[in-house]
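Each chain gets a letter, A, B, C, D and E, in the order it is written, and its residues are counted from 1.
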Amino acid sequence: GRADSDPDVIAIGSGNFTESQLLAEIYALALRDAGVEVEDPQAIGSREAYFPALQDGSVDLIPDYTGALLTYLDENATAVEPDAVYAGLGRVLPPGLVLGAMSQAENKDAVVVTRETAERLGVRSVADLAPHCGKLTFGGGPEFRTRPDGIPGLARNYGCGFGEYRTLDSGGPLTVAALRGDDVQAANLFTTDPALPENDFVVLTDPKENFAAQNVVPVIAERKASPQVRAVLDRISGELSTEELLALNSRAAADDKPALRTVAAEWLSAKGITGENA
Amino acid sequence: MDWVFRNSDLVLELTGQHLVFSLVPLVVGLLLAIPLGWLANRRSWGRTLTLNASGFLYTLPSLALFVFLPPIIGTRILDPLNVIVAMTVYVLALLVRTVADALSAVPATVVASATAMGFRPGRRFLAVELPMAVPVIVAGVRVAAVSTISMVTVGSVIGFGGLGKMFTEGFQREIPQETVSGIVLVLLLALVVDAALVLIGRLLTPWERARAGARR
Amino acid sequence: MIEFRGVTKRFPDGTVAVDELDLVAEQGRITVFVGPSGCGKTTSLRMINRMIEPTSGELRVDGRDVLAADPAELRRGIGYVIQQAGLFPHRTVVDNIATVPMLVGRTKKAARDRAMELMETVGLDTSMAKRYPAQLSGGQQQRVGVARALAADPPVLLMDEPFSAVDPIVRESLQSELLRLQSELGKTIVFVTHDIDEAIKLGDRVAVFRVGGTLAQYDEPGVLLSRPVDDFVDSFVGRDRGYRGLGFLSSDAIPLGPLPMLSVGDPLPDDGWSLVVDTTARPLGWVQAGPGTVADDAIVPGGSLYAVGSGSLRGALDAALSSPSGQGVAVDAEGRVAGSVTADDVLAALPGARDSAA
Amino acid sequence: MTWYLGWLVDPENWGGPEGIMVRLSEHLGYTTLTMLVAMVIALPLGAWIGHTGRGGFVVVALANALRALPTLGLLVLLFLAVGLGLLGPLIALVILAVPPLLAGTYSGVRNVDPAVVDAARGVGMRGPEVLWKVELPNALPLIIGGVRSAALQVISTATVAAYVGIGGLGRFIIDGLGQRDFGQMIGGSILVALLAVLADLVLGAVQRLLVSPGLRQARTTTGGPGLRLVRGERSEEEAA
Amino acid sequence: MIEFRGVTKRFPDGTVAVDELDLVAEQGRITVFVGPSGCGKTTSLRMINRMIEPTSGELRVDGRDVLAADPAELRRGIGYVIQQAGLFPHRTVVDNIATVPMLVGRTKKAARDRAMELMETVGLDTSMAKRYPAQLSGGQQQRVGVARALAADPPVLLMDEPFSAVDPIVRESLQSELLRLQSELGKTIVFVTHDIDEAIKLGDRVAVFRVGGTLAQYDEPGVLLSRPVDDFVDSFVGRDRGYRGLGFLSSDAIPLGPLPMLSVGDPLPDDGWSLVVDTTARPLGWVQAGPGTVADDAIVPGGSLYAVGSGSLRGALDAALSSPSGQGVAVDAEGRVAGSVTADDVLAALPGARDSAA
């Protein structure tokens, strides 16, 4: 019997990458502004690390992505459309957890190559890449290698088996650096990553819909999900869009490297979500 | 350096966590190492056992230890207790040996004359052997303190706080200033704790200064 | 009184350090254990306070069976002094001395007061009370060791080569100090040394151990010198034992002869040697016959002095042998010239002194 | 526990380009390279400072400061500075290995009985002869103690370097963490610990081979026997 | 020959360890430096092979200016022995001894052969060649130290308290060994000790240092004992100097008396003491007058023996004083009884012996 967290305080966790941490900060600031007691967000790691933390009560609320979470919870899930994914997710979510409203903002996994590779091989989609896969080294996080929509999914859907897999990080600086330096020729990055435009990387399209819809959605422990909390989270989901996410990420990556909390606070007040009670 | 000023709240909080994560294990580890070191010094099997066990623990990668502990000691995944227990294990692994060595370095004649004066073993340990072992133990604690302060940073890889967070975040977001500030802060912390330990050592062993004076 | 009855110590590795030892160390006397390295002196001593457990045999201190006593209790009533004093380097001098009184539950104040007294007893300046052992010379450390052993006023004192780490001059003074102390305190002392000179100087009785842990001879020092029981003791007691033996013979029977004495400025003697003395009749040296007067730079240093009353035949003979004139100078307790003594006088007094010693 | 050990005994995990054999040899390679570079730096420096007695204070201060440098921070900083690859982790690990080597060599040479050094000068040895023929042979136990201590730390810390993308046994821990695969993590950790124990045993054998029996004789009277995995701390304390 | 001319050593902290020392250590002789702790003995010694650089003054070894020589070169030609030998713990005995020959470029084989020879010279069994120093006793280590110093056959040997760490019995044998060696090798030896007995036993001349690094007296040991120049030397030389001084006086003039001798089984004498001897005329002990025959258990151990020819007045007097009969037993080089000597005979021979020594 492990003790649950303080019943009146919401502990927020996130993945250990900038966007997830930003979202967690946004949730935290908005909830606090609404008078809910929250702990400062903790960046935990990959889903494989933070989701168990949510389940064992270490944290109560996390921002997640619909498609990825669905495959994490149900390896055999086939839904790819945003609403279908969201509905499917609602069905497999473990007891004691509930979903907030899904936002329009989407940050999908993607197979990414450099502009030079794209032109040399003449590829625009993963399907185009398939014949070349055997000669290429792929870079991504450790979990991408084993995830159903990761390497196994690419092989199943496109018949693309990479020559070598180089374990790096999940859409982090190692992967970007490796792709830039041609240590790997294709990599798993995320569509809202500001490193993509910065490095002029090419996102290969996904015609077979290997990667399911990845809308941002808050997952929360049921006993902490008061109507007030839900209202705040739903409002945020309503305001978020893919463009907003990109803007948030770009702001965080700007040269002055502002604190994520600052970025979150700026966004919240620009949207008028905070400041109403002040 | 302006990064530190802009994020001073965060830095202060992380420094506080770091101190807890390193000092608590240091104190607990030392308190546990003293009886174990005593045992190691008294019985040959105790010596073999404790020294080999602590030697083995010391070889375990710290990262792994942080992750194993929850299933072993029944804590939650992000419980700070995990870091504290893991670091205590390391401190213990370092200090058992030191305490055993320190005790065995107490001159046999002094121990014999204490025995001959009618000290029973327990009191002799507290009144004679332990105080005389202090200088060597303090030296060992200094080593352990510095290593611990440096090693706690690894916990941030799996989501624990402390100054290591400035490395993981500096890495994620590619902020060299944050990484450098983190390193400097860890060094500073180590320096301050080390200086404090030297001071404590001095206060505990006034006779050592007398000896140094007599040598001149 | 300390009694060994058939005491044997066999160490786990099979070494027999002490073999069937029978020996009685008398009440209020100094018993010295002497012998070559490894002969079991330390082992025998440490069995008395049960620092080492005898393998077999019986051991009593003042009639009480040592093996039936609680060791810590027993040890608090037996003073123990070892080489380099075994002082606690982390405690001040006064706290070192106060250790046992504190251990038996005296108040800190009472224990310290007693410690200060003892510092004076052993001839240490009380201004050193707050120093640490490392700040003392070897001889001073040794005095602290003795004071510490005396703190509980134990009837029995065990001393294991206590003076062997200090230089010869300091050692002599510590030995004399111990004899003075003993004349006041009258403890039962067992003293271990491997220095035969120290043994014969300090011991009321001397036990000579043989390697293998047996007793070769147990006698008064004079007897040891004059009648070693076998070649081992003979060679151990060493050369010069005839001369050394004179140290145990009274010189009372030696007649003092007259001594020609001069002062600086007096005319030199016509013939032979004359002793020059200062105005209080203390000897300055010798001058030889010649013209002129006694001048400072003509004075030849004298030999050793023989102290009438406290001296022995040894002192008298050396005074005679070391004097340039062949006449030894005898002085009284104040150091004033009392007369002369010759080697022939000493030899003449020898048979009588031997008879009265036997 | 069988569940955890299952990973380790599954032959499938041993072969292949990312299998245990490959990772093990990578780990060994990093360690060897690190130790070589660190020894080239630290041994001559420590020996010289110990021999001349000059700069001993600096060694102690430097060794302590280097010990406090967090390896993770260095790895990250070096990644940001020199990018992906082996160079960054190598530098970080060398910095980790230098303090015990330096302290072991310095205090080893420093602690040679002054009477012995005096005698060496007294028979007419010149400075370098004293160092080569007397001080170093006598310092060997402490020097090798420093090597053992450094090797141990490098083997154990090289795992963290997987965080910045290099191979070695640390991959199993980092990957297992990402994939929440406990068997892999525990298996990897056990391999690291075994490697450390093995390396220590091998270095222990080297020590017995190189150190003059005359020194061992003197030592047995004080030190106890038995496997000691943690070496070198003592000598560093003495230097401090 | 070693010459100090106005040599001063002032350490950087201001301590003057040696002050304007003028002294000549003669060719082929043993010169002993003696004095209280800290008086500059070691400093003076170490300036000879430039282990310490003099602050001022001139120092020559066999006429060669020490300060102009290359230090390492100089030291290879000067043997140096220190307390506890300073052996190299990582080298075997034979390699320790071979150090200097190897250093000057001899082949390993030649150096080792020489080392084996030297082991015999200093009385070490060559079976120990492959041992390490830690496997030797203190006395054996000291012999290795001497052998190592002799390896390059240097004309000069410096020895700094070489025997002070070994026990008294071993020390005596090392001292005798050194005297034997010196009689064969005739080195120029400077020997430091703080033991006056050792000094007078070994020294051809003895330099007594005063604290502050000045020379108090530099004389032959007999002169030192009979004529100390001042109170400092007197007190340092110590008591018994008259008796000890007899050790430097020849006993050739002592007449040997007859000695009644018996064998076991002979009837006991009618009167007084008789010496019992074995079949080769070696003394067994004494028996007293009485009825019956000489039995083993009635024999009383004898005193010390006086060796005719090699003995001194000191040995003769002690033999007489330690004998139960008052008659000292004189023996020849083979240990056979040669006659008797009495204390009176010794005293009678004293003035003549003094004159011929002066």
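One rule holds in what follows: a residue touches a chain if its C-beta (ideal position, glycine included) is under 8 Å from a C-beta of that chain, and two chains touch if they have at least 3 such contacts.
Owing to the predicted nature of the structure, the values given are computational and were not obtained by experimental measurement.
> If you walk touching chains, what's the least steps from subunit A to subunit E?
2
> Select the chain at the greatest separation from subunit E, using centres from the mean of Cα atoms.
If we average the C-alpha coordinates per chain, A ends up farthest from subunit E.
> If you average the Cα atoms per chain, which one ends up farthest from subunit C?
Relative to subunit C, the chain with the farthest C-alpha centre is A.
> Out of every possible chain pairing, which has the most C-beta contacts?
B-D
> Using mean CA coordinates as chain centres, what's the subunit A-subunit B distance in Å?
It comes to 39 Å between the two C-alpha centres.
> Mind checking the centre-to-centre distance between subunit B and subunit E? Centres are C-alpha means, answer in whole Å.
58
> On a C-alpha centroid basis, what's the spacing between subunit A and subunit C, in Å?
That pair's centroid distance is 92 Å.
> Where in subunit D do residues touch at least two different other chains?
79, 164, 174, 177
> Where in subunit B do residues touch two or more of the other chains?
158, 168, 171, 174
> Touching at least two other chains at once: which residues of subunit A meet that condition?
Correct list: 45, 49, 52, 173.
> Between which chains does touch occur?
Listed in label order, the chain pairs in contact are A-B, A-D, B-C, B-D, C-E, D-E.
> Quick check on the complex: what are the subunit B residues that touch subunit A?
Residues of subunit B touching subunit A: 3, 6-7, 10, 13, 74-79, 158-159, 161, 165, 168-169, 171-175, 177-178.
> If you look only at subunit D, which of its residues touch subunit A in the complex?
17-18, 79, 83-84, 164-165, 171, 174-180
> For a test of understanding, state which residues of subunit C touch subunit B in their complex under the given definition.
Its residues touching subunit B are 49, 51, 72-78, 80, 82-91, 99-100, 103-104, 131-135, 148, 158.
> Once bound in the complex, which stretches of subunit D touch subunit B?
64-65, 67-77, 79-81, 152, 155-157, 159-160, 163-164, 170, 173-174, 177, 182, 185-186, 188-189, 192-193, 196-197, 200, 224, 226-230, 233-234, 236-238, 240
> Show which residues of subunit A lie in contact with subunit B when the two form their complex.
Touching subunit B: residues 2, 13, 16-18, 40, 42-45, 49-50, 52-53, 56-59, 172-173, 252-253, 257-259 of subunit A.
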